[in-house]
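Quick heads-up: structures coming right below.
Next, two complexes with subunit A in common: one pairs it with subunit B, the other with subunit C.
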Partner chain A sequence: MQNEIVISDIEREFIDLYRENRNMFEAKASAQVNKVRKSGIRDFERLGIPGKKNEDYKYTPLQPLFRNGYRKYLEPKKVEFNLAHVFRCDIPTLDTHLVLIVNGFFDKKNGELLRELPSGIIIGSLAAASHEYPELFEKHYGKYASHQDGLVALNSAFAQDGFFLYVPKGTIYKKFIQIVNLLVAKEDIMVQHRNLIIVDDNAQAGVIICDHALTPHSFLTNSVTEIYTAENTFFDYVKVQNEHNNAVQFSHIFVNQEANSNMTSNILTLHGGVVRNNVNVLLNGEGAENNSYGLYLVDQEQHVDNYTFIDHARPNCISNQLYKGVLDDSATGAFNGRILVRKDSQKTHAYQANNNILLTDEAKINSKPQLEIYADDVKCSHGATVGQLDDEALFYMRSRGIPEKEARLIMMSAFTHEIISNIKTDPLRTRINELVEKRLRGELSACDNCAVKCY
Partner chain B sequence: MKSMLNIKDLRASIEGKEILKGINLEVREGEVHAIMGPNGSGKSTLASLVAGKNFADVTSGSITYLGKNLFDLNPEERSKAGIFLGFQYPIEIPGVTMVNFLKTAVNEHRKHKGLEPLSAKDFLKLLREKKDLVEIDSKLTSRSVNAGFSGGEKKKNEIFQMAMLEPKLAILDETDSGLDIDALKIVANGVNKLKRKDNATIIITHYQRLLDYIIPDFVHVLFDGRIVKSGGKELAFELEEKGYQWIKNQVNGN
Partner chain C sequence: MKNDQDKILNEVTENEYKYGFYTDIDIEIFPPGLNEDVVRAISAKKEEPDFMLEFRLKAYRQWLKMEMPNWAHLKIPEINYQKISYYAAPKKNKGPGSLEEVDPELRKTFEKLGISLDEQKRLTGVAVDAIIDSVSVKTTFQETLAEHGIIFGSMSEAIKEHPDLIEKHLGSVVPYSDNFFAALNAAVFSDGSFCYIPKGVRSPMELSTYFRINAANTGQFERTLIVAEEGSYVSYLEGCTAPMRDENQLHAAVVEIIVEKDAYVKYSTVQNWYPGDKNGKGGIFNFVTKRGICRGERSKISWTQVETGSAITWKYPSCILKGNNSVGEFYSVAVTNNHQQADTGTKMIHIGKNTKSTIISKGISAGFSNNSYRGLVKMTKNAENSRNFSQCDSLLLGDKCGAHTFPYIEVDNHNSIVEHEATTSKIGEDQIFYCNQRGISTEDAIGLIVNGYAKEVFNKLPMEFAVEAQKLLQISLEGSVG
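Right, the complex of A and B next:
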């Protein structure tokens, strides 16, 4: 019998790197972060990087993606980039507060490590916050991110910085908080930022996260974001991934929703080499509502894999999932949507849909719903479609004088509209709509981020 | 009068089955032609081929439009050259609003003519004008193209689009079916109002009643892929009275 997991060179390298730097990590970080770190490395040693046999990563083999000799920055490196560009290209009419994360570390160029906004909102560096607010960290940090996935454990083991957001009780923040993740290096690097968002009772807020690679090097991001939304809260999470073909991104989001909280996520994958999004939602209080939306536009050899897991752990909760994708050239994709309705979670409403358009015969998508329902009084539905652009509709438009290319674009925009229309803030929705149109026209360069147009 | 559309010995098959078996038809400026014929005789196939739908194999023959070989033009070029097909079954396009669809179409036509795109204000003015002409419900233009429109609304919408694009040659494929009598009058009225000396209309219909409102110069009977009989408007009455069996018997020579 062979029960042992064989540790590959890559995994060994991580473990060695951890051992060499453990003292440095622990000296810098707070107690709770270190506590989670210890279990992180233990779990990673046990699990490793999810392998071929792991059903959850069936369509995205991970091991080869790590074989690139990425440098791992264990402290912020000085990098040259023009901050003015970042500001100049801010979403024009959108009133935001902007936070910059460079290669996984909070960047001070745009303000002090931790800032308390007039509304009482605290925003800043995760590392700094972990020292400043130990009680909050003890209560929330590492409590939602499950180490069942070796990649998450790996992130916990190496976690140093990222962003921290705290929205105090009753605070209603109308501006969007914008977090820009920049990758900028003169060599191939791997980054693992760790983020924590806490939305306290009766509060309302929203974040827009823009992932952007400024230099053409290979990048690998393995990020974990924990989100806690307390009772009676509203929280919007919009993520725009616009990197480049040499960028690999694993993004793990863990959401814990308490009673009567309402959380919406929009994961928009516009550009990336290999992208894997994990959205894990625990509906942990009655009356909670979750909306998980996603849009992926991929072409060339790109690959995007979306995994969602909605855990209806309490009765009377609602979840809606809608993921839509357009795949061109020989792009590939996967959608795996898991819904778990626990035994006592009566009166659950859980809906899931995944719709895809394949523009070529080479493009491929694997769509798999996974419904596990143990309660009897529930309303659940799921559906997946894979199709082409409707030829009849294309001919109808062309017969009115609309050129074929334009007709195709109009139809693709119509297809994506259903997702974008869920972004509630108007200037942001308009801006993202523009970005998506540009992407569909093939005019979106790697330098057009959601808010950042650098170089 | 100038020849507009000239179809010569057109043969076309779908999946190996010959549907059009040598069609000859000439339409000149200012004329109204009606094409009648039993179900499945090839009327829509003929209309779609003129509009540029790429679904049947043309095995022989030619279609000339204003001196140009139509087969050299793609559907959008044909539209901009003035050909309009009112679909027998208008297509639903969820998510694409009528306004957006029409604005794009109208501006493509303008670009072709070397005109600037219409301003938002001028476009809305044009929209309102044409809406009144075909008495279409105002709300329909803010909805998705044909999505959830009733049968009659879809047909009216075809005439509305025709009014917006002002074609030289309009082919209306059973635009009268499914219309109530008031709507029928509105459609006929729309066609008559848009009639000019230098444009032409082909009406495909099963019913003589539309021809009470739009008086055709010629009536053709399409039967099993061939035009087997042509005549004046009185042919429509004769058909109504005697049915297609009469034609069938004539064709079969008994």
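Right, the complex of A and C next:
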């Protein structure tokens, strides 16, 4: 299907930049990272940045987004920001372990490069870990992120740092590990961090990832996260995207789930100029269960595109997807979900739903839920709706003395509740609920949490 | 139980395609190959006016620039367009004015297919336009229809007798540049049906076209144009069969429907082209472009299709809902068995205000087949208060087949409501057990359940067709639960 890619100046720039810095990258990274790097640049040269003809990016044209003259952020610089502000977005009652990633590089401010928690969990910089644990990297790094997407290949080629998390066998860690991605710069930059999460047999853990842009510059993030959950594991992944309108984010998550593993991902897009979330899940063992939830609340000219691909490669797996969105002003959104049930993946249960509310005539949504099924003993369904707030329900509330604005808010927050209620940890759910409600009230501006009023 | 089912499955899959015979009649056939001269020759053969030749040539030149679409979920073997003959027609002296003049062999053929061209013997009032290979051989009830001002007959006749109407409407809904197959069709189409319902007329009978491919190594390219003027109504049926052959044959048709204010066109198809044998050898490639436009206010188009035949089906009957308050409907049952492939669905383009569309699609896959629904629902900015409901269900009968759904939803305004839901499942063991328990054999139970599953669509078919469709479904599927 892929037509010949004509390499444009954008791709050329990346390829040249790679050649210039290749020695620097390779000197710093470990063998496995460099191995994946080589195949990354090779695949990128072949694929380029997904173009208009690429069905997967049909509703998000990428080329123009790269034409902003971002400086590629290849070496960590010392940047000043007030840490106290960052902690504003901390969840007060939730006891978390915090990791800071600044412009794609692990920030030491909060501790050493790699830390072992009392429970045996290892957390820290990806670069440091790749040298420290070569056998883990050999087994997992670059094994799940497929280079079919040019953007992923690009990340592999330029990957230097990010966070690394290892949950050893049998460890049950009740606290959440919080990873805060900060974008701070005095110019427009592009960052590409790479993360790796390994949850070993019978372990339980959860991460919450918060994305913030602290300065009003234009940012482009192209991140790849690989997650491996071994047998009988529980893993929670919560991502809160709260960047400003000049920020572009492509976030690719690749999950490999072994038998009887249970993973839940929650992606909450509260603010962001252009956001594209790719969630790729491979159910690679019997009895695995995956829940993918997403909530996007966008307004102004924001654009959010959620792409999911759930691959039922083994029998007896369950997958659940629910993506909901409210689009205001001239915001545009897209949902592109695909379920593949391979031959012989009998007894599969796969569900997918996408619900959207359009608040204005200028808002626009494109939804493309897809099922591809090659096994017969399955239960699969998908649904998509686009609608508005129900006038009758609004009238009902108003006739009972609830002001229109409040009534609308009640309905919207009820709409979003279905997603938020899936967050299992109490304080986190309460906090997210607050954030969403604030967002719906329009009181949460992009940089509110950082207390730096950028604009 | 498993053995029983296998036995039933075998019996059924060995069921011969009963329309697979070949009639030995004198035909006039062009040598295989396609170039401008062939296009000119077809036009000349048809004694067409200049505008038609021009239309064909423009289409042909456009076609040369186009590539075969490859986005569908289909594996299409390479088609050599130079190996196909683009014109084949039963030899005749002059157009048959009365039944006696129709070649008796041909009449027999149609009788065998259960299509009577003998008006006296017809009890139900259905007017038939019978098309064999590339040419319309006989249209029945033409006089009765003419009394109401309805024009119904072959496209080539219409081009000669009503060039103004043809020039005005042909290609207005499906332009020759629309897609690869539409361009090919526009260049080489040989015949088809034309139907014109004047203002305020309700067609007294159902109009029907029966397509038959007979000659070998030919392609069939017919073109249907239906124009319903203000306040008119017509129910139009289409059926098709072909002989059994080891090589694939190409069928690339175009159907255009124009519906004016307050008019209603109901278009029903039972597509039963030869699907190939159980090893996937032979069969028809059915690449069809069907599109209707609701031009006026409160106009309505309803597509109903039962797709059981063809080796490969590529077909998306669509509605452009331009008039305010216009309505589009699409009801489909697509059955694939053995090695058949189907990629079918619809497009509902909402342009007018308060437009409504309904999509009910039921896919049934068995054997090694692949069955996909692909559809688009688009609400443009102006389509205020529009509404769509889509339901796409797939039933899997066997573990080697595939069922896929690829819906596209694009909404550009805030007071339209779009709902889409799809499910995929197999017949529940508990359902079969329930029937068995009450003395219904497994085979009958499956028939019962599948028929119940497709009933929503069959209900929309004219009665005769519904019976035929139900029988077809039985033949295509009986006991194919393994």
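Assume the second predicted complex is superposed on the first by the 440 of 455 C-alpha atoms of A that agree within 3 Å, B and C clash if a C-alpha of one lies under 4 Å from a C-alpha of the other, contacts with A are read in each partner's own complex, and residues count from 1 in each chain.
Simple rule for what comes next: a contact is a pair of C-beta atoms (placed from the backbone, for glycine too) under 8 Å apart; a residue touches a chain by one contact, two chains touch by 3 or more.
Just so you know, these numbers come straight off a predicted model, no measurement behind them.
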Q.
Contacts for A:A128 in the overlay, against subunit B (first) and subunit C (second): which applies, first, second, both or neither?
A. neither
Q: Applying the touch criterion given at the start, work out whether A:E406 contacts subunit B, subunit C, both or neither, answering first, second, both or neither.
A: first
(Q) Going by the contact rule set out at the top, does A:M397 touch subunit B (first), subunit C (second), both, or neither? (A) first
Q. Between subunit B (first) and subunit C (second), which does A:F415 come into contact with in this model arrangement: first, second, both, or neither?
A. first
(Q) Just checking: does A:K379 make contact with subunit B only, subunit C only, both, or neither of them? Give me first, second, both or neither. (A) second
Q: Going by the touch definition up top, name the partner, subunit B or subunit C, that contacts more of subunit A.
A: C
Q. Is A:L17 in contact with subunit B, with subunit C, with both, or with neither (first, second, both, neither)?
A. neither
Q: With the two complexes superposed on chain A, say which partner A:V79 touches: subunit B (first), subunit C (second), both, or neither.
A: neither
Q) Which residues of subunit A touch subunit B in their complex? A) 390, 392-393, 395-404, 406, 410-411, 413-415, 417-418
Q) Which subunit B residues qualify as touching subunit A in the complex? A) 51-54, 74-76, 78-80, 84-85, 87, 90-96, 100-101, 104-105, 108-109, 112, 144-145, 161, 165
Q. Within the complex, which stretch of subunit C touches subunit A?
A. 70-71, 73, 379, 381, 394, 396-426
**Q.** Sites on subunit A touched by subunit C in the complex
**A.** 1, 55, 343-344, 346, 356, 358-361, 363-388
